[in-house]
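Chain lettering (A, B and C) follows the sequence in which the chains are written, and residue indices restart at 1 in each chain.
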Amino acid sequence: MNWLADFFGDAAHWSGPDGIPVRLLEHLEFSAAAFLVAALIAVPLGLLIGHTGRGALLVVVAANAARALPTLGLLVLVVLLAGVGTVLPVLIPLIVLAVPPILVNTYEGVRGVDADLRDAAYGMGLRGRQVLFQTLTPVALPLILLGLRLAAIQVVSTATVAAFVGLGGLGRFIIDGLATKTYADVIGGAVLVAALALAVQFAFVLLDRVVVSPGVRQVR
Amino acid sequence: MTEEPLVRWDWIARNWANGGPTAISALLENHVVMAFLPVLFGLVVALPLGLACVRWRWLYQPTVALMNVTYSLPSLVLFSIFLSITGLTRSTVVIPLTFFALAVLIPAVVDGLASVPDPVRQSAVAMGFRPVRRLLRVELPVAVPVVLAGLRVATVSSISLVSVGALIGQGGLGNLFIDGWQRQFYTPIVVGIVLIVVLAVLADGLLVLAQRLLTPWSRARRTA
Amino acid sequence: MITFEDVTKRYRDGTVAVDDLSMEVPTGAITVFVGPSGCGKTTSLRMINRMIDATSGRITLDGQDVREIDPATLRRGIGYVIQQAGLFPHRKIVDNVATVPYLLGWNKKKARARAMELLELVGLDPGLARRYPFQLSGGQQQRVGVARALAADPPVLLMDEPFSAVDPIVRASLQDELLRLQSELRKTIVFVTHDIDEAVKLGDTVAVLRVGGRLAQMAGPATLLTEPADDFVREFLGRDRGIRRLSFISAKEVRLSPAPSDLETDENGGPLGWRTADGLAAYGTFNPETDSLRVALDAALLSPNGTAVAVDEEGRVRGVAGRDAIDELLAEYAPPAAGPARGGASGSGGGSSSGAGDSEGAPA
C-alpha cells in the first residue's frame, strides 16, 4: 500500500510526457487503433464465413494459433524485423492477436443460429444479404460482442507488454519500473492497467445492454 | 542486420545443452514445469469449487463474475502485483497463471456437470446410487468431455503465457525473447516461438488422446 | 392452382426424396400431404416455394413454372409456417408479423396496423404485440407464425408440420382455429403432417405419400377412410376407420323424436339428465346443425337408454334420437358394395369396432 501511495502521491506522475494522463491517452490511442483495424477485418470475415460456411478451417486454425502464439515473442520478432523506432510495426502483433477472438465468436454466433430460424427467414422471402443482416447478425450479436470484448481486453493487455519493445502507454511504468527496480512504479502501473481493463469490460457490458435486443438476451 | 538470417543453426547446437541455466533445454524444462503446475493446481481447486457451485447455485454467479474479472486482467499486471508479495520467484508467475486456469476450469466443470442429461441423473437416483457414488460413477464421467475441453484451453494458454514472465525474469523459454531483443538476434526468438507452439500442440494432442481413452463412448467432440 | 408435373427430387448422394410426383392442388382448399418419415412430404412442400429445387419435372403456380420466378419474390407471395414457428427472437411480435409487409416496402404504420389486425384474426390478445417471442407459450408462438404467414394476404399458404410441437389440447384448438380461419379466408393451403388424424380432420383433400416419395392415394378424407387404395394406405390410416368416417356425415338428417317426459330440463329448456329410480342419469347431446353423425352416435352411447339428446345453439333440447334413428342414417351411408373385400378387420384389426363393421361390412 505504501508503494501505491508513493506512486499516486508523486506529483511528477501527473504531468509531463511521462505523466499518467499522457500515458493513459497513449495506451487508449494504440489500443483503439489496433482494436478498430482488427474489428474491421474480423467481423465482416466472421459474418461471411458463418453465413456461407466456406473457410471454417481458417477459423479453427486462427483460434488455436492465437492461443498458442506467445505474445512477447511475436512482438519482439515483428519489431526487430520491421525496425525499431516507429509505432506501426508494434501495432501489427496487436492486430494479429485481436483478430482471432472476434473472428471465432462472430463465426460461432452466426453458425449457431437456429436452423429453423434461417429456414423461416428464407421462407418469408428474405434474400441472402437480408437474412444475414436482419436475422443472423442481430441474433448472433451477443457472441459478436463477446468476441469484441475479448479482443479489446487482449489489445489492452498486449499493449502493456509492448512497452518492452518501446511502445508508450501505461506499460511503460511497469517495464521501466522493473528495469530500475522502482517497484512503486511497477505496482502503480499495474493498478492503472487493471483499472483500464475493468473499464473496458464494463463498457462492453453496457454496450450489450444497449444494442442487443431484449428478445435475444433473454434466450441465452 | 540485413544479412542476419532468421535462424542460425550453429547457435542452436551450441546452446541446446551447454550445462548452464540459460541452455535451451534447461529453459524448456523450466517452461514445462511453470506451465503445467498452474493447470494442475487449477484442476485440483476447480473440481471441488465447481462441485460446490453446482450444489449451491448461489455461489456460481459471484464465482464466475470474479473469474471474469481475473481473466480480463493482463498477465503482466498480475505478475507485477504478485511481485510485491512473492518477489522474483517462480511463484510470481505460477500463482497468477493458476488464477487464469481457474477462470477457464471452474465454468468448464460447472458446464460439464450441467451437461449430464437430466434423465441420466434421475435414473441413477432411481437405481439407488447414493450422491457420492453417483457423482464418481455417473456424473463426472459424463462431464469429462466438457472438462477436458476447458483443460485444453487452459493448458495451451498457460504454455503461451509463461513466456510473459520473462519480463520479471521467470519466463522459461520467454527468456529467449529478452535475450534476442537485447542482442538484436533473431535465432533465440524464433526458437522460443517454435518451441512454445510445438509444446502447445503436443499438450493439446495429448489431451485429445486422453479424452478418446477416457470416454470411448463419445466420438471426439468438436471443440474450437 | 398448384400443379406437380412428373416432379422428381434426387439428392447428390442418390437418395430419391420425391419420385415422379404428379398432382393438382386445388385452389381455395386445404390439401394435406401425409405419410411416414422419409416419404418426401416436406420436400414436396418446400419445392413449391423453391426452398428446394426439383431435379426434374415442373411445378406451376397458376400456370407459371415456379422456376421462372425469382425465389425471394415467389416466397413473399406465399405464406410459410414451420414447426417451431421460427419467429425472429430479436423482434417484437408485431414486427415479426409485419416481416413480409416490411419486405414489400409498406410503411411502418401501415404494416403494423395490418399486423395488429392479424393478431386479432388468429385469436391473440393485442397486448402481446409488444412482447418478444420468448415471452409467449408454444401455442401462442404458433398462432403468431400463422399471422406472420398471412400478413401480406398471400393466396397460398404452406404449412410444414406447424402444430406437431405443441401438446394435444393446444394442437386441437389450433386446428379448429385454422378451420375457422379457412372458412373466412379460403386460401389455397398445403399442409404437411405425419399425423393421419390431423390430415383427416383438416384436409379437403389428403395426399398419402409412401417412403421413397411416391403418391399412394389422393382423395377426400371420407373416401380415403372408406376406400383406401391399398394395404399401405389402409395400414397408415390405422384402426376405427368406420367410426372415423362418421365424422364426415352431418347429423342434420338424423330423425328426431319429441323429447320423452323422463328427460329432465331446466327453466331454459337445457337438459339436466334422465330420470331413473336412483336419481338423474348421464346424458349425451349433439347439435344436428353443426355436429357430425359421430357425435350423435357418441351422445347416444353416453346415455343409459341409448338415446342422444339433440340441442340447438343455445343448448335447448330440440328432441331426441334413439339408436334406431341413428342406425337408419348409418345404413344410408354404408359404403358401396362393390370393391375388394376388407371387412371388419381394418388392417391393424379392430375387434372393438364391430358396430362400424356392420355399416362397412357388406362383402363383395
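In the analysis below, a contact is a pair of C-beta atoms (placed from the backbone, for glycine too) under 8 Å apart; a residue touches a chain by one contact, two chains touch by 3 or more.
Which chain is which protein? Per UniProt: A = Glycine/betaine ABC transporter permease; B = ABC transporter permease; C = Proline/glycine betaine ABC transporter ATP-binding protein.
Since this is a predicted model, take the numbers as computed values, not measurements.
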Reference chain A; chain at largest CA-centroid distance: C
Central chain (by mean CA position): A
Averaged-CA centre spacing for the pair chain B (ABC transporter permease) and chain A, given as whole angstrom: 21
For chain A paired with chain C, centre-to-centre distance based on mean C-alpha positions, whole Å: 55
Averaged-CA centre spacing for the pair chain C and chain B (ABC transporter permease), given as whole angstrom: 59
Parts of chain A lying in touch with chain B (ABC transporter permease), wherever the complex brings them together: 3, 59-60, 63-64, 67-74, 76-77, 80-81, 104, 108, 153, 156-158, 160-161, 164-165, 171, 174-175, 178, 183, 186-187, 189-191, 193-194, 197-198, 200-201
Contacting residues of chain A [partner chain C, same complex]: 114, 116-117, 119-127, 130, 135, 138-139, 141, 213-216, 218-219
In the complex with chain A, residue positions of chain B (ABC transporter permease) that touch it: 68-69, 72-78, 80-81, 83-84, 153, 156-157, 159-161, 163-164, 166-168, 171, 173-174, 176-178, 180-181, 184, 186, 189-190, 192-193, 196-197, 200-201, 204, 224
In the complex, chain C residues that touch chain A: 49, 51, 71-77, 80, 82-92, 99-100, 103, 132-135, 148, 158
